[in-house]
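The first chain written gets the first letter, and so on, giving A, B, C, D, E and F; residue counts start at 1 in each chain.
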Amino acid sequence: MSDEQTSAAERSEMYRRGDEARTRVMGPGGAARRARMRAVHPDLERHLIENAWGQVNARPGLDVRTRELITVGILLALGREREAAGHIGGALNVGVTRDELVELLIHCTAYAGFPTMVTGVELLAQALEARGELAPAEGSSS
Amino acid sequence: MSDEQTSAAERSEMYRRGDEARTRVMGPGGAARRARMRAVHPDLERHLIENAWGQVNARPGLDVRTRELITVGILLALGREREAAGHIGGALNVGVTRDELVELLIHCTAYAGFPTMVTGVELLAQALEARGELAPAEGSSS
Amino acid sequence: MSDEQTSAAERSEMYRRGDEARTRVMGPGGAARRARMRAVHPDLERHLIENAWGQVNARPGLDVRTRELITVGILLALGREREAAGHIGGALNVGVTRDELVELLIHCTAYAGFPTMVTGVELLAQALEARGELAPAEGSSS
Amino acid sequence: MSDEQTSAAERSEMYRRGDEARTRVMGPGGAARRARMRAVHPDLERHLIENAWGQVNARPGLDVRTRELITVGILLALGREREAAGHIGGALNVGVTRDELVELLIHCTAYAGFPTMVTGVELLAQALEARGELAPAEGSSS
Amino acid sequence: MSDEQTSAAERSEMYRRGDEARTRVMGPGGAARRARMRAVHPDLERHLIENAWGQVNARPGLDVRTRELITVGILLALGREREAAGHIGGALNVGVTRDELVELLIHCTAYAGFPTMVTGVELLAQALEARGELAPAEGSSS
Amino acid sequence: MSDEQTSAAERSEMYRRGDEARTRVMGPGGAARRARMRAVHPDLERHLIENAWGQVNARPGLDVRTRELITVGILLALGREREAAGHIGGALNVGVTRDELVELLIHCTAYAGFPTMVTGVELLAQALEARGELAPAEGSSS
């Protein structure tokens, strides 16, 4: 088998593994967003799935709940709001509780300042609303 | 008095002091945003008021105008746009002048680059419009 | 000629050179945004044009295509989304190809993480749509 | 009991709790560093112990091992090398394994880029050497 | 007078003004560091003096003490340790008191996290030691 | 061929390609640093070579000189000094000229502030000294 052929086979395998890891965390949705990425260039979506998911998140060394807590902490610290929203949803998907996310947000204040908590609370509130787990009366009284 | 009781009393005192400091800077508004924060978890709002406001901003060592200028500078440098908008309003509330905020934005270009100024100008323009201090003709000619 | 007079003449010259450099990259548009900036304070727009454009971008030491690639990389790394959107358009204006921008986004993943690529893809997709270079069917199938 | 007295009592309690939390993670050392901090101004050390440790790290909502993994991730992402070194030691102190820290470093590459891993590896290598858990032959063959 | 001549005259004027502003803040030292910068390329040092100092710091809109407080806050938030050290010295030079710098460091914890304070304390301690204003016994008891 | 076998073969191929790309940029040195990384855990070095180098830098879409300029810009903006030093050397290795690096540093001032230039000048000066291309007299006159 030539390098080229091996490479294609392996990429498929790595892509498959990454896709599985991503679906477990982010859910089956996101097809439109991935299609949009492929529309710009197919390598973008493949690179994301193979590397961020297949080569990193799919590794067994840390459980998926801990990974998501770390990921949300890093994304809020770096101000990657768009991605933090997705991974707060991802954290809830894999069983991180609302209280654990609250605790993470308070933890972030010590190491990255209060703005990370304030932004994170808004993203968490939106994620809970989308799941019907935050009563409108609770959060929209003004 | 037990530790538990002392703690509750002290928290009340710290909360009261923080609430006062926050109202002086951010104005009496924001009730809905704070209720939303409490709806996610009461500790979030209490931690914000007791610590960021009661333990830090309420301290006497720097006057409130200087604090707000420093705060806006840090928030723009870190790209915390959501919070920067609030504190540009806060700065105007405590008597920082429009010209001083302009000067801060120009100062930021040297230490954090032009994008901090460009973002800051837009946030300042919005704050001035909300106060009726930027003529629509001035800023919306296109 | 007094210092004051020299200064005014030079500022005009630096402003003219910066304005030319900016128009070459960002196109003739943006008049409203610049008017809005001047409405807040004239020094803001002048400082931007004279320094960021006249004293930096107008220098001959790097070609404009390379400058735009570096600029987009830095802006995505720092999370300056507002400015990154403008310079992705600027890059396309000066002849950076879609494939080169795709390559830049993949490059960013190694040095600043995947969120920079994910944000960059969305900004690039919007820029391509605005130019009619991304078929709606390609990117909006969901 | 007056506010002033309550405050002093509560501060003592919060300081005591923070000191305990800090010692559990960072070990009994660091006395010189804390004395140096007090020498500059006593409020600095008290603010650190009462707030970062007493009000945040001492909270029960997340176990200490998960907290340290999140903390190291955030510190590496933000480039706080000085503090990251301390918390890599702290993580090892509370039972995070070498393999879990390795996994964290690989995880960081996806969300904050490879430089965070490269810096983290060096800090981890130094921490392991200080504990005699990295053979000199292993790391100094050149 | 041609553009070229005007430009040279103006640059001299802007350089002179920047040099004066820089000396007022940073003191007469730093000649070696500036010579080193010129040795790499003369434009580097000229760009620094003319722009960061002549076009920004020399502006009258904010007093120099407030400017230095803002500058140190931004530099600590962005993790520019090398520069933060210089400007902590600069702040002391222009009359910012030790207590005001302490207050700034505590303020930074709310908006950028505790690592900025911890790093800032060490830099302030070193600056005070260099001035003989921090007793060795105070800071080196371990 | 099973997935496991394919994977091993592909990893070897990707590692080989990454190693080649890395050597072209960073030179044949760095063996000790890579051995140290492997001593902490073999996956660390393999992940770096396969992904940052094999999957990203080895791609043909951007020439290696442009890649290095972008990389140095991003690393200085993010304050990754350790890595920036390595890639300034890498840029010189692949034919980026001293004047182009100077231009890059001036460019960084507009988009990330002067501290990135000041740090970059020091790293460039050290790289030039190590190559004997900066006369000691030039840079050490104080």
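Please note the rule applied: a residue touches a chain if its C-beta (ideal position, glycine included) is under 8 Å from a C-beta of that chain, and two chains touch if they have at least 3 such contacts.
On a predicted model such as this, the values are computed, not experimentally measured, just so you know.
Taking the definition of touch as given, a chain qualifies here only if it contacts chain B and chain C alike; those chains are A, D, E, F. Mostly identical positions are employed by chain A and chain F in their mutual contact, as over half of the interface residue numbers are shared between these two copies. Among the other chains, F has the CA centre that is most remote from the centre of chain B.
For the copy pair chain A and chain E, the superposing rotation over Cα atoms measures out at 180 degrees to the nearest 5.
Chain centres here are Cα averages; for chain A and chain C they lie 29 Å apart.
Chain B and chain E have centres, each the mean of its CA atoms, that are 25 Å apart. Each of the following residues of chain F touches two or more other chains: 47, 51-52, 75, 78-80, 83, 99, 102, 106, 109-115. Chain contacts in this assembly form a complete graph, since each chain touches every other chain.
Within the complex, the chain A residues that touch chain D are 51-52, 56-57, 59, 61-62, 66-67, 69-71, 73-75, 77-78, 80, 83, 99-100, 102-104, 106-112. Taken together, the chain A residues at the contact with chain B in this complex read 79, 98-99, 102, 105-106, 109, 113-115, 117-119, 121-122, 124-125, 128, 134-135, 138-142.
Put simply, chain A touches chain F in their complex at residues 1, 3, 6-7, 9-11, 13-14, 47, 50-51, 55. Touching chain A in their complex are the following residues of chain B: 31-33, 35-37, 39-41, 43-44, 47-48, 51-52, 75, 78-80, 82-83.
Chain A makes touch with chain E in their complex at residues 109-115.
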